[in-house]
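Okay, got some structures for you below.
The following pair of complexes shares a single chain, chain A, combined with chain B in the former and chain C in the latter.
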Partner chain A sequence: MASYDKTEIADLIDGSMPWPSTRAIMSAHKDDDRFDKYLSILQERVPWHHPILLPIGEHLYIVQSGENRIVKCDCGHEFGSYQDNWKNQALIRVRGDRESIAEIYPGRYTCDPEWMELREFICPGCVTLLEVEAAPPGFPIVFDFLPDLEGFYEDWLGKSLPQEA
Partner chain B sequence: MTDTLLVDEDGRFAVGKASTTPQNESVGFLESAEDAAGYWDLTSQEAFEQLSVVLYSGTGMLNTLLSRTGRRVGLIVTRGMEDAILMGRGLQAWTDYSYPDRLHAVTHQAPEPLVPRHRIYGVTERIDQFGNVVAPVYEHEAEKAAEELVAQGVEAICVCCMFSYVDDTHERQITEIVQNVLNKRDVEVPIYRSSSVRPVIREQSRLNSVVIEAYAADVSREQLVGVEEATQSQGFRYGVQTVLSYGGLAGIRYPRLHETMISGPVGGILGAKYVGDIIGSDSVIVSDMGGTSFDISAITRGNIPIENEPTLARFKLNLPTISMESIGAGAGTIIKVDPLTKKVSLGPESAGSTPGPVAFDMGGTEPTVCDCDVIMGRLNPDYFLGGKVKLNVEAAKSVFKEKVADPLGVDVYEAAEGMANMLEMDAKESMRQMISARAVDPADYALMAYGGSGPLHMAEYSRGMGFKNILTFPFAAAFSAFGCTTADYLRRYSRSVQLTLPPNADAEHRNSVAEEINRIWEGLQEAATSEMGDEGHAPADVQLEMFAQMRYTGQLEDVEVPLAMQRITADSDLDLVIKEFDELYAAINGAVAQYREAGHSITELGIVAKVEKIKPKLVRETLQGETPLAEAFKGTRSMYYNREWHEAQLWEMDYLKPGNVVAGPAVVEHPATTLVIPAGDRVWVDEWTIVHYEHAEDSSESE
Partner chain C sequence: MTATPITEPQSVTTLHERLLESERLLKETDSYAGLENLELRAADPLKYESMHTKLRSMVVSAREMARRISASPGVREVGESVVAIYTPEGDAIALSTGIMVHVHTASRFIKWMIQNGYEESPGIRPGDIFANNDAFIGTVQAPDVIITIPIFHEDELIGWVAAVAHELEVGGITPGGDVALSQERYTEGLMVCAEKVGYDDELRRDYLIRLERNLRMPIYWVLDDKAKVAACLEVRKQVRELIDEVGLDYYKRATKEFIEEGRRAQLARVRQLTVPGRYRGHTFFGHVTEGKQGVLPQGNRNWLYAIPMEMEVTRQGKLSLDFDGTNSWGYHSMNCTPAGMDGGMFVTLTQHMNFDGKVNDGAWLATDMNLPLGTWTNPDKETVATATSWALLLPAFGCFQRMLSRGFLGRGYKEEVFVGQVNSPMMEMGGESQYGGDFGIALFECAAAGSGALGIKDGLDTAYVGWNPESDMGNMEIWEQDMPMVYLGRTISPNSGGFGRYRGGSGFESLWAVTNTELLIPATSEHSSRVFDNAGMCGGYPAPTVQLHHSVKDAGIEQRAAERKPLPHSIGDNPYESDIERLTDGQTKIDEGPYLAEPLQSGDLFAHSYNGGGGYGDPLERDAGSIARDVANGYVTADAAENVYGVVVESNDNTSTVNAEATQSRRRNIHDERLANALPVSEWIEQTRSRVADGDFAPEVREMYRDSMELSPRFAGEFRNFWSLPSDYEIAKRSRR
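Now for the complex of A and B:
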């Protein structure tokens, strides 16, 4: 059964693995300890100690904080319960006119702001751009991802959710 | 490793081995040659002094290409085509992938371009597909491109114009401008024109070919020159030859060296043709099972199939190549069991020779089909490569049990046989597909099985296929190398044309077609005689055979029609060309597939120029009794076959004599290959020492 070194998984996360090795991993059967190694690498890289339950973006994690499961940024900023949309707690920049959209999509790439706007979600703690969504003006903020944590851990990983240490 | 195969005029051979020396290939080559000569008690000097021909093919060019360590190439193309090299062909992103990976686009990746975009310049010009000048060459653009390429310090410049296969005037004009700039700046950089690679349609393949010639092939010539100097220092009196992808030999100063880059499977099919001619079998299916792949091809009525756009290192080339179909099924093929679904898959990954199968004890950790053969007692653990590699049966068994048998919940031996059978079924299926795609009747064909693992699995992969006869060779492992020694000095020259012969064409049209055919053939003939002359062949020794790529008008695929005529001397010759095509087309596709009402198109005209070379002879001996010599018998070994253990008789291949018969269960061993004969089947040795395999009478499909 395939299994990879922690350094290999770290290279995968960073996108620094050479393509032939990356493809060999893609073509092989999934290594069954991938998730654990992945999580432990992420855990080592953040400056805080709440156990990561699931990464949900490039900088965001669902973590166990005491009794609660909350969304947390690398920088430590907390967005509240994972069952609520973290975007509601973020700083939001809306590109809703031609000029600001053209900064990103110049010339003929610019969309019609009557039909679509770009919303940028920024961390109040570290000012990192966490997510961008494109939606028609007036459309509610999109809730990307509400995972079934219990189902994932118990049925797929075959273990119970970690608790606060 | 560098292998040297020393062949004498009677076809006897000795194999020498030495480590490859990539910095200077001639060192490893001489060492392995010395090793081979040692088997005949000759010094290397004595061997080289007696040799008439030395063939050398190295992997230097391919490695240069794969490792992207070739020259800094600059490229000038028709303006508007600058991105062609970056776009490539879609299939280049997945062409050597397994079926699941082909389906999953996330694994697709275009090969890294050999020329970066900033060294590609467009020049305004256009000659259309009929040869009309639509736009002249904008000379100032060509000059500027050349200046900038010089400033960028390029080591080679390629020129590729869109329709240069019709008319190369603009390519020549640009080349001249570039050369003037080079002269003015006093730099020496070789220039390569796409039309001189091979003037045929499809610019991506032509572009790839010319760039690979400049990038990887020509630059490796030094190694070949080094090898030639080394042989001559040992007393060899002639020039060293290399093997072209379509089965000819060329001296190492041959101008289009990239044509030697696909020479792997060439030898086997040449050998099969040679042996087929001797034993009177002009239709042969060849099957070569080695460590990593199973290669097959079919010689039909003496014709060797040619593929015109092969893939090399995931680049499409416009290089005629002996056509072989290949699947990733060899002894080193890795066996995987999906942990979730328990689905078994074989390859296409292979353990290769390093680390090799688990049984080699050289660090291999993944079970392979070779390990199964070891577990089942089909391979002799003490006689692999003549005993040079001790096979670790226990290691093979424990890894195979852990990774395959246990996850499947099956007995180790049963699982091992199942895996070997899967490999054999894959091999059989690929032959069956080829046979049905070409609508050939296996009863008209002899099957030749070779490669190190061919004889090991041929009993099952040929069972029930209905071939006329099934042959293998004592030297099965060296058959491809042997085949190369049967090659002649041979060149192919061809040119794209657009000629049609409608059924109701008038005399004037037919006359113009005839004139055009003669004009093209004459041009090619000139090139052929001059290039063959450069290699020291007398014009009188050069035999020419013309060919035409033809189709029924409107079709998408061509058939290559060999023609006995040297030129069209009368209108009736055109009818003869058509007749040859119709007959060949019917032989390949069946008479019902003919469509003469559509008329005929000629898409390419070519010639094959050949000078005969000295070849090893197969020795014909008188048949002896059915019972092999006593010293051929090596004892017995337990062998698992058809889910039972058998006490197999062991025989030494080299001691079997013409006329001998060996009945299964038996294993015939040779240092480089192993022939397995299950109970009920038998082999006999003919007067040429060719081994004939015969299945049991009631042998039916085991599916």
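Now for the complex of A and C:
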């Protein structure tokens, strides 16, 4: 079964691995120890110590914080329980008129603001753009992912959920 | 070793009984054909794998042979075909490359014949040839014509081989294959409904006469059918030779083991690559046809489709997709059937999960879909049109790819994270050809759009469509042989890939001069209006997929060329004034929605654009040097680089370089602008609530909500709950009078 060094995994997830090596990994059977190495790399990179349970976005993780499992940005901003939509605790910029849409989609590239607005979800801590939704005005914000953490760890990975030291 | 024969109960004597028995075994044992063990695989894996490789080799080589018989540039150049082998019950065992979306639709077609008593009448005998392009029986849309023949060993039917090609002309109300203006089945063109179209290995002459008399360009369909029959006969011959080699019992058991292995592999892949839980996403599609020429009264309106989707991954690894909350079918050509939805699911799985083992119907058997009756995914009336069902199908399965990718991201397989497929705007046409006679064709260069970005790199530029992983746009010179237009240019569309740390792949645009015809009737479809029918991911933006059509009557190209004035070769990179407007003599007309406008003739110009894919990650995190390269290569304009990426690129004749100081300043500005223009989501909800309570939306948006709430109590409940609306909140139906 395939297995790669942590440095290789780090290069791969950062997009800095040369394409021939990336392609070889994509074409090979998957490395079953990826998750542990992935988590280890990410944990070393964040400036806080809550154990990462599951990455759910480019900068977002579900972490164990005391008794609670919360969504946290790598800047340290906390979004509350992972069972609630983290977007509800974010900043939002809505591009709902022609002028603001044109900053991204000028002229003939635009959508019709009567039919579609752009919602930019921004981290209050680091101002990173975490997600963009394109939806008609009034469409409820989507809750992208509610993982079954117990099922994932206990049934699939065969281990207990990490606890905070 | 000797294969343990798969024994069937004494009562099972007909195909229909075998099908019922197969379904019973799957339901009761939760495994295909009730197989507990992959006995042949365990006993002699080399022999087992060798047989699978031979089957796969047969279908791949048969498809290549068929491509060389076909006269259609869609099949010859672009590869719009597929060949597959099936069990007697109609389950796919092995398939070729190509339009793999149809492997499971052909399965539906075979099962439909069995379920509908074809053994009795019209009979299923050696040498028979059956055809179908009825989506409610088993295909995606009318141009996807399936040919299948039974494979007999002595007196026993031991399987089927099927071949599918996408026809470029089907004789509908508007020319081409994807009949843009069809609003009911009766205008979709020539329908062949699970018909016995040949016997003794030959197509019936009266069937061929029907094709010749009902199609604008019969040479495509007729030769494609002959190519497909040839492919099927070749595979049948080789399967018989294989059975002579391995024995019938071995063949029967091994083919069932292949499918069960595919089913198990799918479950294992889900557990290996994703995370159990509930995933959600959505996409939308706008269809603007109100008041357009030729639209029948019941469809004379604009449509906004919501496609909210939920994917559940269970602890067992079962993957279910739910379309609850989506909108009703309508009097337009974009409806889909469960067969088409199956096809979308199947082809997506083959690209993301079921790609390294036995690619067959086993993957499909391990999944589930809820297609609410009455929606576009499962119309409650079999007379609705499905001619352009890809319009909604592709955005939906692009959303499926993003949901799967959220799981891949969680597991660390970021190289598999994929922002998804996008729509393929179709360009169909007919009228009088450059050679003098009638013609009709689908210009199939759409088979090479931009892909969504990956989690580690930019999307593919002009090289991917979801329905055919072997994408190819075909050479311009080939298309010019088959239509009265010449290319003034085929060009990467700048800024067509969604912005992001990794940008979506770029789409392209074509600009043609109409020549040597007095009548050219273009008809376009499968491009969204007013809304983007795709999305970004993790901070990436959607691709700008609202496509408009530019046309010019009497553009004066010949005169301009004689005077050596500059000519337009693309729509150009100025979003406010196109090159077509700047560099032609006539009046440029810009149409939104499907192009169903005035015919064109020699001297006119027409432009059509293809979509790019969605972006991934915050654009401010994109490497500045890669943006300079994008600007130099025409993928991104300097304006977009500065406005969206915050990268100031300075270009001269030969180089594009990043102004580091200006870039740092501009990126800081964008950061500050984000903060200045943002507010907490809770405040935004509070501010927006009264607008929602008042139903203060465009008529099409109101109708979309009304329809979703009426069809789905869950959607209605969640909508009211999100906006804290009273339990009796509803939106009144729009009067059509």
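By definition in this document, the second predicted complex is superposed on the first by the 165 of 165 C-alpha atoms of A that agree within 3 Å, B and C clash if a C-alpha of one lies under 4 Å from a C-alpha of the other, contacts with A are read in each partner's own complex, and residues count from 1 in each chain.
Keep in mind that, in the parts below, contacts are C-beta pairs under 8 Å (C-beta built on N, C-alpha and C of every residue); 3 or more make two chains touch, one makes a residue touch a chain.
Fair warning: this is a prediction, and the values are worked out from it, not measured in the lab.
Counting residues of chain A touched by each partner, chain B versus chain C, the larger count belongs to C.
Looking at the shared chain after the overlay, A:M26 reaches both chain B and chain C.
When the two complexes are overlaid on their common chain A, residue A:A135 makes contact with chain C while staying clear of chain B. In the superposed pair of complexes, A:Y109 makes contact with chain C only, with no contact to chain B. Where the contact sets of chain A with chain B and with chain C meet, they give residues 19, 26, 29, 32.
Residues 1, 19, 23, 26-29, 32 of chain A are the ones touching chain B in the complex.
Residues 98, 100-101, 104, 106-107, 109, 336, 338-340, 349, 403 of chain B touch chain A in their complex. Of all the residues in chain C, the ones that touch chain A in their complex are 271-273, 275-282, 284, 286, 304, 306, 308, 313, 315, 356, 406, 409-416, 455-457, 495, 499, 501-502, 530-532, 535-542, 544, 546, 548, 571, 574-576, 578, 590, 616-621, 639, 643-644, 671, 674-675, 677-682, 684, 688, 691-692, 697-698, 700-701, 704-705, 718-719, 722-723.
Residue ranges on chain A touching chain C, taken from their complex, read 9, 12-15, 17, 19, 22, 25-26, 29-30, 32, 34-35, 37-39, 54-58, 87-94, 100, 103-112, 114-116, 118, 120-122, 124, 127-148, 151-152, 155-156.
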